[in-house]
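Both complexes shown next keep subunit A, but they swap its partner, so subunit B is in the first and subunit C is in the second.
And then the complex of A and B:
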C-alpha cells in the first residue's frame, strides 16, 4: 500500500516519482547480458530471464490505478514512462538491456547521441529513415519540436517534467509560454525535416537523458487541435512505435494492438513480440498480487512491490521465489530536518537527531531489508554513478543509534536534556510507522517529538512542501523520500538540495530549505562538467556537504519485491526505471 | 424487539412478570420503580454478565499502568529482536504469544500487544463515556425544552436536530480530525494527545445528541398531557418544578437505557476514526488504529487483528447486553 501511495502523492506534487536507476548490486555486474538466464530469485537484475524471439500471444498486465496521463508531455510516473516505450518512440531512449547499461541512452528516433558543437551549446540530432506515425505519415523533426514546445504550456497541459528542465536550458525558454499562446521556440531548429538542432544557454551534460524522457515523443500538430487536442490529447494520442491504442477507458483498461505502419528496420531497439498487450487498471493491491501469483495476470506494472501478505507467499515458497526479484528502486528514504524550525536551526541539534535515530527500527518501518531496503548512511542511492560510500554519522555497530555522540551533540547545541519538536508524516501507508520508529529512537536522548499525521493528498503540496507552513506549524522533522527523474546525479539532487529550487509558494521539495552557496556552485559546476569522472567527483562532494549540514537523515536505500509471471519472456529490470522493462517482453504461449 | 429472556431455559424462570405476579400475592405494595427494576435486572443473568465485564473493563482502564507494570512491557517500546528479520512478523508461533508477551507482539516493531490493548481500553472507554455524557446532557436539556414549551422553541430545536441528523458526520469528523492534527500549539488550553481525545469526544458527542433529543422530546410531549402534570399545574406548580420534579424522573428510564445503548456505538465510532487515521494521535494505543495496522498482515499474522477485534467485540457486546437488560427491566412492555 504505502509505498504506492506515497510515491504517487509525491509525484502529483511535482515532487517526482521516478524510480530511476536500479542497481541491485547483483553479481553479474555491468556486463550487458546477451544470453538469457534461467528464472531464479533476482535473476532479472542484471540478466534477461527466458530470452526468446517467439512472436505472438497476449500479455495481461495489471495496475492499481490509471496512469497520471497518457499525454507524453504530462506523465510523471516512472512506470508510465517505461510503459509508453511499448508504443511510443522518443528522440533518445534508455537502452532496452539488462544490467547497468540500461541506465545509459541510445538513439531511438535519432540515429545516435546528439552531436555537440559551439562548446556544447548546440546539440544536433539526425533522424532515422522510415519512422512513421500510426497514420502512416512520416515523422519529421517539426513533430518533435512541436512536442517539446507543448510541454511548456503548463496552463493547458500541466504536469510533466518538460517545462522545469527545459526552460532554464533552452535559449528563450524562460519566457516561452508554449505553442498554444507563444508561437514557436526559435532555439529548437527543425528547418531540415531529418535534423533537429537545439541551442542551449550553456553546455548541459545530461541533454541526451532529457531527450529520452517522454517529452520528446513526436506529436503531429494537426492532431493536437480542437476537441481532441490540448488537454484532451491524452485520450487521442497518436502512436509512433510498434503498437497503438485499441481501447482506453481511464481507470479500467488500456489495450494495445499492433501498429501496422511501424517499420521494423527503422527501429533496432524493439522486438515487438506479442500481438496484443492488455492492461487492467484500478485493482486493489492485494487482488493484483493474487492474480499475478495465480497466473491470471502476468505482471503488476507499477513496480512498487507486492504487499506483505504476498511477500510471505513468495519468500517462503521456492516455486514462487524463482519468479521474484528484489531490485533497488533508486529511492532514498529520509527524514528531512528543517533548519527553519528552532532548535534545529543549530547544526548540533540536527546532528543529535542523526546520531539518536534508530535506523533498524526505521528500516523495519519501511518493510525490513527485503520490502524496505538496505540501511542508508548517505543521500546518494548506491546505483547512481556518483555513489561513493560515506557514513558521516555512524549509528553504532548494530545501526540502532549512537546515543553517547547524540548526547554530546545535544550539549554542544545547548540542550543537554533534549528538546521537543514535531514529526510530520502522511497518515496512510508506512508513514505513521516510520514516524513512530523515529519518535522512539529520539526519545532515548530526551528529544520528545509529537507526530503530526496528515492526509497524503496535501502532505507534499501544502504541509511540508509549503515553507511558511513548515515554519508556522513547527514541523522540525518530516518523513520523506526521493528518487531521480532520470538516472543521473543531476536528476536526483537538483530539486532537493539546490537552494535556488526552493518553491516558496508550495510544491517545494527542498523541505529543509538548504541554501548553501557552496553546494549551489558545486551543482552548477557539475551540471556543465563534461568529463564523467570529474562530474561524479563533484556530485560526491555535494552528497558530503549535504550530509555535513545534517539537514537530511537518510535511513533506507529503497528496494521492492516484485514478481514476474513465469509465462513472460525477455524479462529484466531496466536500471533507468528500477522496474521491469516493458519494451521487449513477450509470452511463451 | 429483542427478547433475550427467551434465549436460555434458566432465563424463563427469571421472567420478571412471572416473578412480580408470584410475589405480588404476598403483599408487596410500596415498591418503587427503582426497586422493581433492580429486582428484574438481578434476575437477568445475561445483562449482569455484561455489567460484570464492563466493571472489569473500567478497572483495567483505571489501573492500566499497574497492570502493564506487572504483566507487560511499556506500550510504546519496540522489540524488533522478537521479529523475523525478513517478514517482520513475530518469530514465534501464534503472533509471539508467550509468558512474557501475553497477547503476542506487533509486526514491524514488536510492541507488546497486551499493554497496548490495556491502554487502548482507556481511550475507548474514556471517549465513549464522555461523548455519551455530552450527547445525553445536550439531548435531554434540549429535548425537554422542545417538548415542554412547544411552539417556536420546539420548531427551532427540532429543525436544528433535523439539520444535525442530515449532517455528513463521518466526512466532517475526518476533516476536523485532520485540522486538529496539524493545529499548532494549544487549542483551548489543550494540545497533543489530550487535544485529539477532546476533539474525538466533541465530534462523537455533539453530533449524536439529536437522537436522544428526539426521544426525550417525544416522551415529554406525551408526559406533559398526563393527569399528574395537569394536577401539579392546577396546584400552581412552576415550570421548573414540573420539569425537574414531574417530568425528569419519568424520563430517567428511557435516557438511561438509551445511554447504555449509544456507548457501544460511540466505542465503534472512535475505533472507526482511529482506523481511518484521524483518531487519537500516534503512538497512543487505540484499538481502532491497531486494527488499521493489522490489515497489512492479517493473513500471515492474524493474531494481531484478532486481539483488538475481540476486545472491541467483547466491550460492545457487554454494553449492548446490559442495555437490553436495562430496557427490559425498566420498561417490561417494550420487550414483549
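And then the complex of A and C:
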C-alpha cells in the first residue's frame, strides 16, 4: 500500500465544527454490528456474513510473509494495521462495521472524537474508564503520548508513518527527534491521566483519522527500555486489546490468546469471540489458497487476492463462490507521466500517452476485471465520497486506445512520428507486465519506451520518489499506484497532487511533481469546507484538474478476489482497509 | 592426516575470508556504481535526507567501505555496537549485523531457522541415500530386467521434475484431496516429535525423490563399471560368495564417488533447501534467503551466503577425510 504521505496542516483552515463533521466520530463507540446476510458472492462487501455472537473456538489464519513489524510505531502494511486491531487499541478506530460506515472513525480508548478548541488548534480526547494493558496496569494518557513521541524516532524505529504525519501538525514537531534523544514533546499534554491534549500548528480536519492509526497504540515507557526497548519493542509488545500474544516467531507463527486483563465494559467496539487466534506465516501463496479452500485454514489475511489457479476453482464452483468476495481495495493503479522529462514537459505529448494507452491490456496486466479491477478513467477511486465519474481521455469504445487522437496530440506536441522515453517499474509483482502492456500500447503511435525495472525496496523511495533521479535517468513514465492511509479525499489526494508535498530529497509521492496553484488552492478550500457536499464537489474539481494536466494516466480501480472460510462468523470488508475486518470474526465450531 | 586436516582448515579460513570480502563488496559497494544508496533499504518508504543521514550513522554506512568491512569482520569475532547513547544496540558474538527489515540480529535469525533446514536436509538425505543407492545396486545387478528399466524410468522422472512441481502435486493429493497430511507446517522436534515427523514426510519424500534419482543412476553406473573390473573376476575366481564380492569389492569401490557427491549435496542443502522450504512454507534458512533477496535485506543475504559457504566448504573437508576410510587407494601426504 502506498502510504507515503506528508500531512500538511497548512492546507486546513481553523474550523471548530469541522473535526466532528469530517470525521464522523461517535461519542460512545460503534456497535460492532451491521445487517447480517447469508453467505453469497460479494455478500461481505456490504453486509455481515454469518452474523453471530457465539463465543469460543480457534481461528486459523495464514499469510505468505511476516508483518512488516509488530511495533505500532513502525508498521505500515494495511493488513498489519487491520490485524493489530485484534490485540491492540488505539485512541480512535475505524468503525468495525460493514459498508461505507466502516470508513469513518469512532472512539476506542477515547470516549469519542476529539473536542476542538482554540479555533481547531487544540484537540482534547477523554479516555474511557477501565482501559488496561495486558499487565493489568491502567492505560494513562502518558502512555499514548509516549507512543506518539516514539514514532518520531526514525533513527531507531524506521519506516512508520508517524513522524511524517505528525511533525508538520504538532507544535514543535518539525524539530523533535523522539523520546530517546529529544525528551518530551510539549505539544502533547498528558498532565491529566484521563485526558490527552494536542496543540496543533493549524487546525487539521482529519486528526481523528490520524489517531485511528496504530501510532496511537499506547506503549508503557517502562517496557520500552533496555534490551526489550527501542527497535526491539516489536518483539515484546504489550497488548491493550482483548487478546495478547502467546507466541511470536517472526516469519513462522503469531498465536494470540485471550487477554484476561481486558474489560469488555471498556470496549464497546470488540466482541472478542474466539478463544484463540493462530496465524501461520511464510506459506507459498498457492498453498495458502489450497488450505483455505480445503478448510484446513480459515482465511488468508493479506487481502491481495487468491492466485490464478484458485480463481478458477472459486468462480466456476458455486459452493466456493458463495464464500468469495471481489471488493474494491481503494487503490487506483496509474502511470505517472513525468513533466520534468522532455518531451513529456509538453502537455500534448502527455495527452498522446493518455490516448495511446491500451487500458484493456493494462487491466489484464493486473489480472483482468476480477483479480485486477475495473478500467479507471480518473484518479479518484469509486469508494471515495467525492467520486464523480469523468473520462477526459476516452480510449475508444473498446478501451484499447484512441490512436487517431493520440497521433493528433503528437502533432501538436511537435513529435508527429513519436518519441522515445523510459518506463520505470518495480521488477516484482505485476509491475513488469504493466510496463510491457504500456510499452506495446504506446508503440502503436511511435512512442518507443524502454523499460527500466528496479527492485521494489528502493523503487518508491529512491527511484521514482527521488525527483533528481527521475530527471537524471530520464524516467518519463512510471508505474505507480495509490491508496489512502485513511479513507478521506484529503488522505488520498494530498500527497500525490499537492505541489507543496513534493519531497525533493527522496520519499516523494507526487511523482509527476505536479505543482499547480489552482489545485493547491482547491485542496485548501476543500480542507476548510464544512459542508460535506460542497467539500466533495471541491475534491471532484481537484480530480478534474489533475486529469486536465495529464500527468496521471489511471488505468485500474483495484479489486481483489478474496475467500472467507465458511465456518467464520461476522465477516465483512472494512472500507477503511479494503480487506476483511479481523476485529470481530468468530467461528461456528 | 593431522597435518592435512590442519592445512585444509587454514584453507577454509582463507576461503571464507575471500567469500566474505567478495560478497560484502558485491552487496555494499556494488550499489554505489549504479547510483543506489544501501542506506535507503533500511530507511523505509518514508525516507528523507535527514533520516537517511541518521540511518547511515547508525549502521556505520557513512564510513569508507574498508572500515565497514573491517567492522563487519571484527563483529563476527568480538561483537559490535550499533548507534550510540540511549539507543545503542549491542550485537553479540558472532555479530553478522541486524536485518534491515526486521531489526533482528542476523545470526539469531539463521540459528533460529537452522533446525528446520537440518530436519529437512538430514531426513531427506538419509532417505535418498538409502533408497537411491539400493535401487542403483539392484538395477546394476539386474541389468536389462523389467525392474532395471522401471527403476531408471522413475529415476529419470525424478531428475526431471523439480521440487516446486512434485511438492505442489504432493500437497494437492495427500494434503488437500485425501487429507492424510493436513495443514503441513514445521513443528519443532522438541515440541512434539510425532508432529515433527508427520509434517516432514511430504517435504522429505519430495526432496529425496529429486536426489535419489541421481544417486540411483550414479550408483548403477558405478556398480556396472566396478563389477566389470579384473579384480572382481579374480575375487569370483577365488571362490568368494557373490554376496561378499558385491559387498566388499564391488559396492565399496563404487561408493567413493557417492560419498563425494553426498557430502556436497548435503552441505549445499544445509545452507538452505530453498525450493522445498518455499513450497511447503517451512521457515528454514533457504526461505530466509528468498525473503531477504526479495526485500534487498543485505545483511541477511550476506549472512546466509557466508553460512551456506561455510557448510559447503566444511562438507568438502569432511568428504576428503572420509575418502581415506572408504577407499584405501587414496593416500594423504
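Heads up, the rule we're going with is that the second predicted complex is superposed on the first by the 551 of 589 C-alpha atoms of A that agree within 3 Å, B and C clash if a C-alpha of one lies under 4 Å from a C-alpha of the other, contacts with A are read in each partner's own complex, and residues count from 1 in each chain.
Here is the rule we use: a contact is a pair of C-beta atoms (placed from the backbone, for glycine too) under 8 Å apart; a residue touches a chain by one contact, two chains touch by 3 or more.
Because the structure is a prediction, the values reported are computed rather than measured.
Student: Examine A:291 and indicate which partner it touches, taking first as subunit B and second as subunit C; both and neither are also allowed.
Tutor: In the superposition, A:291 touches subunit C alone.
Student: After the superposition on A, what does A:160 contact: first (subunit B), second (subunit C), both or neither?
Tutor: second
Student: For A:474, select first, second, both or neither according to whether it touches subunit B, subunit C, the two together, or no partner.
Tutor: It touches subunit B, and subunit C stays clear.
Student: Which of the two partners, first being subunit B and second being subunit C, lies in contact with A:439: first, second, both, or neither?
Tutor: So A:439 only meets subunit B here.
Student: For A:428 in the superposed arrangement: first (subunit B), second (subunit C), both or neither?
Tutor: A:428 sits against subunit B and subunit C alike.
Student: Name the contact category of A:455: first (subunit B only), second (subunit C only), both, or neither.
Tutor: Touch partners of A:455: subunit B and subunit C.
Student: Output check: A:360 vs subunit B and subunit C. Expected answer is one of first, second, both, neither. What do you get?
Tutor: A:360 sits against subunit B, while subunit C stays out of touch.
Student: Can you tell me whether subunit B or subunit C touches more residues on subunit A?
Tutor: On the superposition, C touches more of the residues of subunit A.
Student: On subunit A, what residues does subunit B touch that subunit C touches as well?
Tutor: Shared contact residues on subunit A: 428, 455, 472.
Student: Give the list of subunit B residues in touch with subunit A in this complex.
Tutor: Against subunit A, the touching part of subunit B is residues 76-78, 80, 83, 85-89, 107-109, 178, 181-182, 184, 192, 277-278, 281-283, 293, 296-300.
Student: List the residues on subunit A that touch subunit B in their complex, please.
Tutor: The contact residues of subunit A facing subunit B are 1, 307-309, 311-312, 315-316, 358, 360-361, 364-365, 367-370, 427-428, 432-433, 435-437, 439-440, 450-455, 463, 472-474.
Student: Mind pulling up the subunit A residues that touch subunit C in the complex?
Tutor: 2-4, 60, 65-66, 68-69, 76, 153-156, 158-161, 163-164, 180-181, 230-232, 234-235, 249-252, 280-284, 286-287, 290-291, 293-294, 296-297, 428, 455, 457-458, 460-462, 465, 469, 472, 503, 505-507
Student: Which residues, counting only subunit C, touch subunit A once they are in their complex?
Tutor: 35-37, 40-49, 51-52, 54-55, 57-58, 83, 85-87, 89, 98, 101-104, 109, 112, 168, 171-172, 175-176, 179, 182-183, 185-186, 278-283, 287-288, 291, 294-296
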